[in-house]
Amino acid sequence: MHIGDVPVGHGHPLAVIAGPCAVESREVTLETARAVRAAGGAALRGGAFKPRSSPYTFRGMGEEGLEILAEARAVSGLPVVTEVLAPGDVEAVATVADCLQIGARNMQNYSLLDAVGEQAKPVLLKRGMSATVEELLLSAEYVLARGNRNVILCERGIRTFERYTRNTFDVNAIPLLKRLTHLPVIADPSHGTGKWYLVAPVALAAVAAGADGLLVEVHPSPDHALSDGFQSLTFDNFRALMAAVPHVARAVGRTEGVAAP
Amino acid sequence: MHIGDVPVGHGHPLAVIAGPCAVESREVTLETARAVRAAGGAALRGGAFKPRSSPYTFRGMGEEGLEILAEARAVSGLPVVTEVLAPGDVEAVATVADCLQIGARNMQNYSLLDAVGEQAKPVLLKRGMSATVEELLLSAEYVLARGNRNVILCERGIRTFERYTRNTFDVNAIPLLKRLTHLPVIADPSHGTGKWYLVAPVALAAVAAGADGLLVEVHPSPDHALSDGFQSLTFDNFRALMAAVPHVARAVGRTEGVAAP
Amino acid sequence: MHIGDVPVGHGHPLAVIAGPCAVESREVTLETARAVRAAGGAALRGGAFKPRSSPYTFRGMGEEGLEILAEARAVSGLPVVTEVLAPGDVEAVATVADCLQIGARNMQNYSLLDAVGEQAKPVLLKRGMSATVEELLLSAEYVLARGNRNVILCERGIRTFERYTRNTFDVNAIPLLKRLTHLPVIADPSHGTGKWYLVAPVALAAVAAGADGLLVEVHPSPDHALSDGFQSLTFDNFRALMAAVPHVARAVGRTEGVAAP
Amino acid sequence: MHIGDVPVGHGHPLAVIAGPCAVESREVTLETARAVRAAGGAALRGGAFKPRSSPYTFRGMGEEGLEILAEARAVSGLPVVTEVLAPGDVEAVATVADCLQIGARNMQNYSLLDAVGEQAKPVLLKRGMSATVEELLLSAEYVLARGNRNVILCERGIRTFERYTRNTFDVNAIPLLKRLTHLPVIADPSHGTGKWYLVAPVALAAVAAGADGLLVEVHPSPDHALSDGFQSLTFDNFRALMAAVPHVARAVGRTEGVAAP
């Protein structure tokens, strides 16, 4: 399985997908894409269509955001991972994206799963906020059953009683999924914790537990981000994380290093 | 707000919406519709499009199911509540349905919420499996913000550690929602508990807590139902529940009785 | 089974146990005891030994609190339910209390369960914050196995992701426990919700679901309570609840009314 | 802070405490102690007094178990960590134990916390099944406030909706606690997952996240263990884990290696 030219999964280098939560401007997106590439990232993430709990908050730049992502790919050389929210948008998003993300809120949106299963781009499927591991695997089956075999599973934190963190990153799911399926498994410590200062240790924990990659929010100025600033890494913090990841990967026998396009 | 001719909400009779989990055949659906009407129900529920965790289980009869529901309405006189799963299906489902149901898995499917917000039929919005009360209200705002003011909120159980019940019906949400919003609030004790023998006591608890209505699964032969048989009431058990409901409603000052078309 | 002279359980009148969270002064306790009696309560609750998350908050008046409870019983005629925290305190507390309460934090404190199982006073056993119904029943077995057959089970809310309420009162546990055991089952809507304005509707829901009694926090001036003021009823609100309870009890076939000493 | 001669905490080698869930016989305990020592463990764990959900299962060998632990220490040279369940047992257990364990069920057993706070042996305090990180810290304050400054915090999994694992090991708590307190933080991946095949990856994840030590269940023949066999490592699997731990510790900058007595 590949995102653009980057292979993902068992036996391949660790893939770090990073970028802003939302595509909020051309400048921020291009600047972040260059920084992610320079720090050794494998792909760019960023949302043009954003699912938000409230209809009165920023819902993304839409088609204009897709154009910015295409430019960011051209400039940085990084393949692009971006979310799709509706079956009717799949074709347009797939024109630009190298990998389609299904967000946690849509893990059991079966018409959307059917739609991404019927096209060829790989699908990054996030675990729902209170989905069991079994339900995540069954949702992947919706995509697989329509003929698209390129599904990447993503643990992104579950909902618990704990109020200090935004979600509870479920590190147990990483080795459990690796045991139950051949599909690549990646970790999103940004949503998984909701606090930037927990992102690096939890990211390293996920790598130690066997994750095939990471999905990390990075922003040039987290305090000014339109969404999720509190869980975004600065460029400096992202570089520090990228420096640490290969050591932990090697310590658990992943000798292929970290992937780059 | 009305489902067909039946008013729902504060100051109105209690509305009991009942029927099979899925429309699985013409015979079962018509038989159940007649039994629900005879027992005093206000509307018929039944899924033509079914969201299922696994793609390999029965996913509903689709358009044929809608035709059966239309016939059941004609035969019984009951308005019809049925689920819609995809924005592209809203128009077809709204042609038949008197009220569109958004299921728990789709509570944060924003393109679907937008779509049902742009048509005129009332919307029954179920709380997500791990949605907070605040998130349920914000999802309702998606529909309201598009111009459809007819939203009915439905508590249907949340996901907890308890393994004896399928979900944990959150009775606290009933008075909390009644305090926070003017929208009607109904209770689904069938999904809320997952055990037929808990449906009646939990339904009565919801009424005592101030619910404006109930959503109950009824099946002529639960052991042979294609889905959710274990939480479905037999006709006898449904009649017993309908006999008890008005007493509890009156005990908490709801003097309008139980609604009928 | 009796608390003092008051019978509790199936086939008996509904028992409402009420009083302040903590015994914080002689005046407040006696005044509340009289108000509870006047409003039709069956027993007085109040903590002399208080379990508190922080060691730096008020932990109760201890032995002096027990003396105040004894005086409150003499003055009001109400039997007394109070919590015991340590095996070494059981004898002293049992000298005064008519019923020993085991709090949620101690539901699996087995040395304490053993100790209350070896004395004769009835035991009110609260469900732990994240205890399953099965674990609650097994904890009751600890008391029963030592020879004390007088155990009352109490649902008091479980811990979930919902942040609006302090706990999530699990109304499903009421009919489930009534089906699984002959032991009396009561409900604590005060801790179960943590909000005074939810106490009455959730209390009535518990009665509708089949509870054999209620445990309610009442305080002459909740805003000045040393603990749990936000979930305490004023005397007026408690009287209103007591007026409503018999109607709901009767509506679900509990014809014996409400218990008094 | 030391367990016997072994220092624990920031700036010290990683401490691996291992042994059987329960002291179930002299032979098994001595054999396991020798194997733990040979594989590089820092201390022996094993319960003489066992908290069990049901009173009808094995509750430990009691005082005889303590004698076996003393012999295992003499034979292996490993200091002993063992659980205490009741205030009245603290003195006897402290005579043998080098470190007193407070189990998850007793995290808010305040009379027990007071009792271990008034003696000198270090205390290993496990997080309750649904305790927040804040509550864990407040329970530690109970011990500290009585004068015992030697408290080790232990993350051991929390209760969630996920049914595949016994508990959900909360890796986020490790860096969070390390940020909030100077107290050592260790991880129990055995209870944290409940599945032996998840213990090693989750243990390595905890080390990568910054844990100061591990608490691991090891048994010569897990299939025949009287309790928790399914989550116990064989000697071979424990040796493999011990071989991997120093690599991950070094990868995250813990250069002091692994502790031994």
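By letter and in written order, the chains are A, B, C and D; residue numbering begins at 1 in each of them.
The criterion applied here is as follows: a contact is a pair of C-beta atoms (placed from the backbone, for glycine too) under 8 Å apart; a residue touches a chain by one contact, two chains touch by 3 or more.
Note that the coordinates shown come from a computational prediction; the quantities given were computed from them, not determined experimentally.
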Neighbouring chains shared between chain A and chain C, ordered by label: B, D
Each chain counted as touching chain A and chain B at once: C, D
Rounded Å distance between chain B and chain D, as computed from the means of their C-alpha atoms: 48
Length of the line joining the C-alpha centres of chain A and chain D, rounded to whole Å: 35
Residue numbers of chain D (touch at least two other chains): 130, 134, 159-161, 163
Chain B - residues contacting chain A, complex: 51-56, 59, 85-89, 105-106, 108-112, 129-130, 134-135, 138-139, 141-142, 145, 159
Residues of chain A that touch chain C when the two form their complex: 130, 159-161, 163
For the chain A and chain D complex, residues of the former touching the latter: 130, 132-134, 158, 160-165, 168-176, 179, 192-193, 197-198, 201-202, 204-210, 244, 247-248, 250-252
